[in-house]
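In what follows, structures are represented as structure tokens.
Presented sequentially are two complexes of subunit A, the first with subunit B as partner and the second with subunit C.
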Partner chain A sequence: MSIKSIDPRITRENLSEEPDQNPIKELNHWQTYEVFHQTKKGDHHIHVGSLHAPNAEMALILAKEQYARRYECVNIWVVKSANIFSSDYDDEDIFETTPEKMYREAGGYKVMEKINKYKKERKGV
Partner chain B sequence: MNGIKDFTEIQTEAAKNLLYRLADDQLILGHRNSEWTGLGPILEEDIAFSSMAQDKLGHSQALYQLLHNMGEKDPDTIAFTRKVNEYKCCHLVEYPIGEYDFSLMRHFLFDMSEAIRFNMLSSSSFEPLAKIAKKFKGELKYHTMHAVTWINQLSTGSGESPDRIQKSLDVCFPLALGIFEPSEYEETLISEKIFFGEKALQEKWLEAVIPVLKNAGLKIPDIENITAAYGGREGIHTEYLKPLIDEMTEVYKIDTGAEW
Partner chain C sequence: MYGGGYIFEESKNGKSEAEDTEKLERFESKIAAGEKIEPSDWMPAEYRKQLIRMIEQHAHSEIIGALPEGTWITRAPGFRRKLALMAKVQDEVGHAQLLYSAAETLGKPREDMINDLITGKSKYSNVFNYPAVTWADTAIIAWLIDAGAIINQVANSKGSYGPYCRALERICVEESFHLKYGHDNVVFLATGTPKQREMVQEALIRWWPPIMHFFGPSDKISVHTETLMRWKVKMASNDDMRQKFLDMYVPKIWELGLTIPDPLLKKNETTGQWVYTEPDWQEFKKVINGDGPCNKERLAVRRNAEEKGEWVRRALQRKDERYTVPLA
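Then we have the complex of A and B:
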């Protein structure tokens, strides 16, 4: 028996009611690409997701509709996921930083006192 | 530049005839291509092809709206209530989606003609049409980029891929020539600078598609000895159009006021 659906396209396909038990063959020619889009000329490209494509040209064509059809976009980059060298999550602790180093944060610069002092002096002029 | 009110009766008829031809092509092919939604070869392409099908429906709506502004019925009524022989689409857009190679080749041949057509129309003396044509430019450019990339990809692929693309080209080509079936209004359209005419369009189209096909290593069909699939513009259609229209209008016929 073939599947009868309210979607006429499905019915037309004459699909068997018994699902195909064969596993899907691996897509050995298709690679994963990471997609970056730019909302305005001069802005940073921002990572928006990934997709499958056989080469960079196809990745660009497909990325446009996957990631730029609803949002403002002026430019897209695609990069083979395999070409990205990334840090290991096991090394996540390298990003931890001891809280005592106020001098490394912007707030560590005590300049307001100097500014106020300068302003006070100017007032006197 | 002309607005709707500046037209004589014959100019109005000529412009309307042109608009019906363009809009019906877009509606029918948009519907056809949307049949791939959910069934596309891969997820990414399914989304891309469906999105372009939606673009086509959008184009047809803009053109039907212009017809409505010229005194025809509203877009939904025009799209869904005419008899089959009142549609003016070409045979190419009527054929079932077939295998993906057929749908891709049709998409390539048709959208290349659309891109050139609307580029020509962007300098039409009929101002409202020129305005619409300029709006379509970006979408059509993407459609042709998408089509050319796929044609190159599949023609240089391994296994059965190049053969299938060649076969679909051979099947589609006579149908594609039917896009350029001249109407009885050609002279008026040309002399009034509303449209440069189907013959001029076909020449430009050949100049554009042949290098792409050659570059992809495909054999160009013998154009001199091909009979173009004419008739659609006169309301004579293939057996495939009626079932399509029945399916497309099914919901509308049950409830004309249905909201989607």
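Then we have the complex of A and C:
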């Protein structure tokens, strides 16, 4: 039995009602890429998601269609998912640090008191 | 569009497999604290399984949902409507891509999901097993089915799985265009010629039962979902979402002077709840199990696209590639 549709173009295709016995094979939908976009020149590129593509050029074309068809975007990067190295959430403690880190901040260095004291003492000379 | 009325598998309260209690406790306390779970985090096997199932169903619904509207692109009344409908249908297919990627991060390759769809193993939203008989049907779909989908998706975007939430946030922004476009389309017909009014009224009558089915069976009869709700996989009960939909959209339908084909439909002002005729859940079950007006056609069309495109994809495929699970 072939499909009878209210859309004549579908009826004309003579589609079979029976499911296909040959499932598609692994990688028929290609490799995965991660996509980064830049919404404005001067901004950082930001990760927006991933997609499937056979090569980097196609990944760029598909990334434009998928992630930049509506909102402002001036530049896209695509990177093979396989080429990204990331830290592990299980190792979150690598970001833990001593609570007191004023020695590496600008606010940790105050000199005016010493300068004023020095000026005052010098006046006295 | 189009997530709604997911079919969850019966589980023994999430305890189908023995889990490391300490890890499970940490996992649950993270979720309770509002933290997101990321792909590389530890998660119970049941959580992974139900999420794959739900996100995959959602992705299939977007793909199949593009078909009833897609057939109307060539016959859209006028250039502006054609442009808008093309944009909407492209968005739906794009949503499917985002959702397939989110499901893939849980470990099911895309090819497996597509195979499960085209062999009829996976489910998708039941509403798309009904035909869009006239142009007015596409207007009703774009307005009211998308409205239902937004209620469901906004709730789900506050769920616990990071990649799914991020995809949904993107999707919801585009859905709001679909909803406005659909409303504009319905208002245009409802305030137009008598023939146009008749068309949109008939479409509403055809689509009301599927719309009432959209959020899935009543909580009284559906699979127990307490664990899924605690894990923030399912974010709202089917009945609550249906009530919210009625509350937001029945007044907007009535203000256009259109008739909803349910004589019992009214709001109980003391309880704030809508009263309605219980949807025909036997019909819902029958259609979702394959015996609806368009089930066979939808899958055959999708299968055809897959078969016709296969040689192109194979020609571009590199033999030395290995599949990598997308990161996020």
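For this structure, a couple of remarks:
In this text, the second predicted complex is superposed on the first by the 72 of 125 C-alpha atoms of A that agree within 3 Å, B and C clash if a C-alpha of one lies under 4 Å from a C-alpha of the other, contacts with A are read in each partner's own complex, and residues count from 1 in each chain.
As a convention for this text, a residue touches a chain if its C-beta (ideal position, glycine included) is under 8 Å from a C-beta of that chain, and two chains touch if they have at least 3 such contacts.
Here the structure is a predicted model, which is why all the values come from computation and not from measurement.
In the superposition on chain A, A:M58 makes contact with both subunit B and subunit C. In the superposed model, A:S5 makes contact with subunit C only, not with subunit B.
In the superposition on chain A, A:L15 makes contact with subunit C only, while subunit B stays out of contact range. In the superposed three-chain model, the partner touching more residues of subunit A is C, compared with the other of subunit B and subunit C. Shared contact residues of subunit A, touching subunit B in one structure and subunit C in the other: 9, 13, 30, 51-52, 54-55, 58, 65-66, 69. Contact residues of subunit A toward subunit C in the complex are 3, 5-7, 9-10, 13, 15-17, 19-20, 23-32, 34, 47-52, 54-55, 58, 65-66, 69-70, 80-82, 84, 86, 88-90.
Residue ranges of subunit A in contact with subunit B, taken from their complex: 8-9, 13, 30, 51-55, 57-58, 61-62, 64-66, 69.
Residues 35, 38-39, 42-45, 47-48, 51-52, 142, 145-146, 149-150, 152-153, 247 of subunit B touch subunit A in their complex. On subunit C, the positions that touch subunit A within their shared complex are 38, 40-42, 71, 90, 94, 97-98, 101, 104, 109-111, 114-115, 118-120, 131, 133, 166-167, 170, 174, 296-297, 299-301, 303-304, 306-307, 310, 313-314, 316-318, 321-328.
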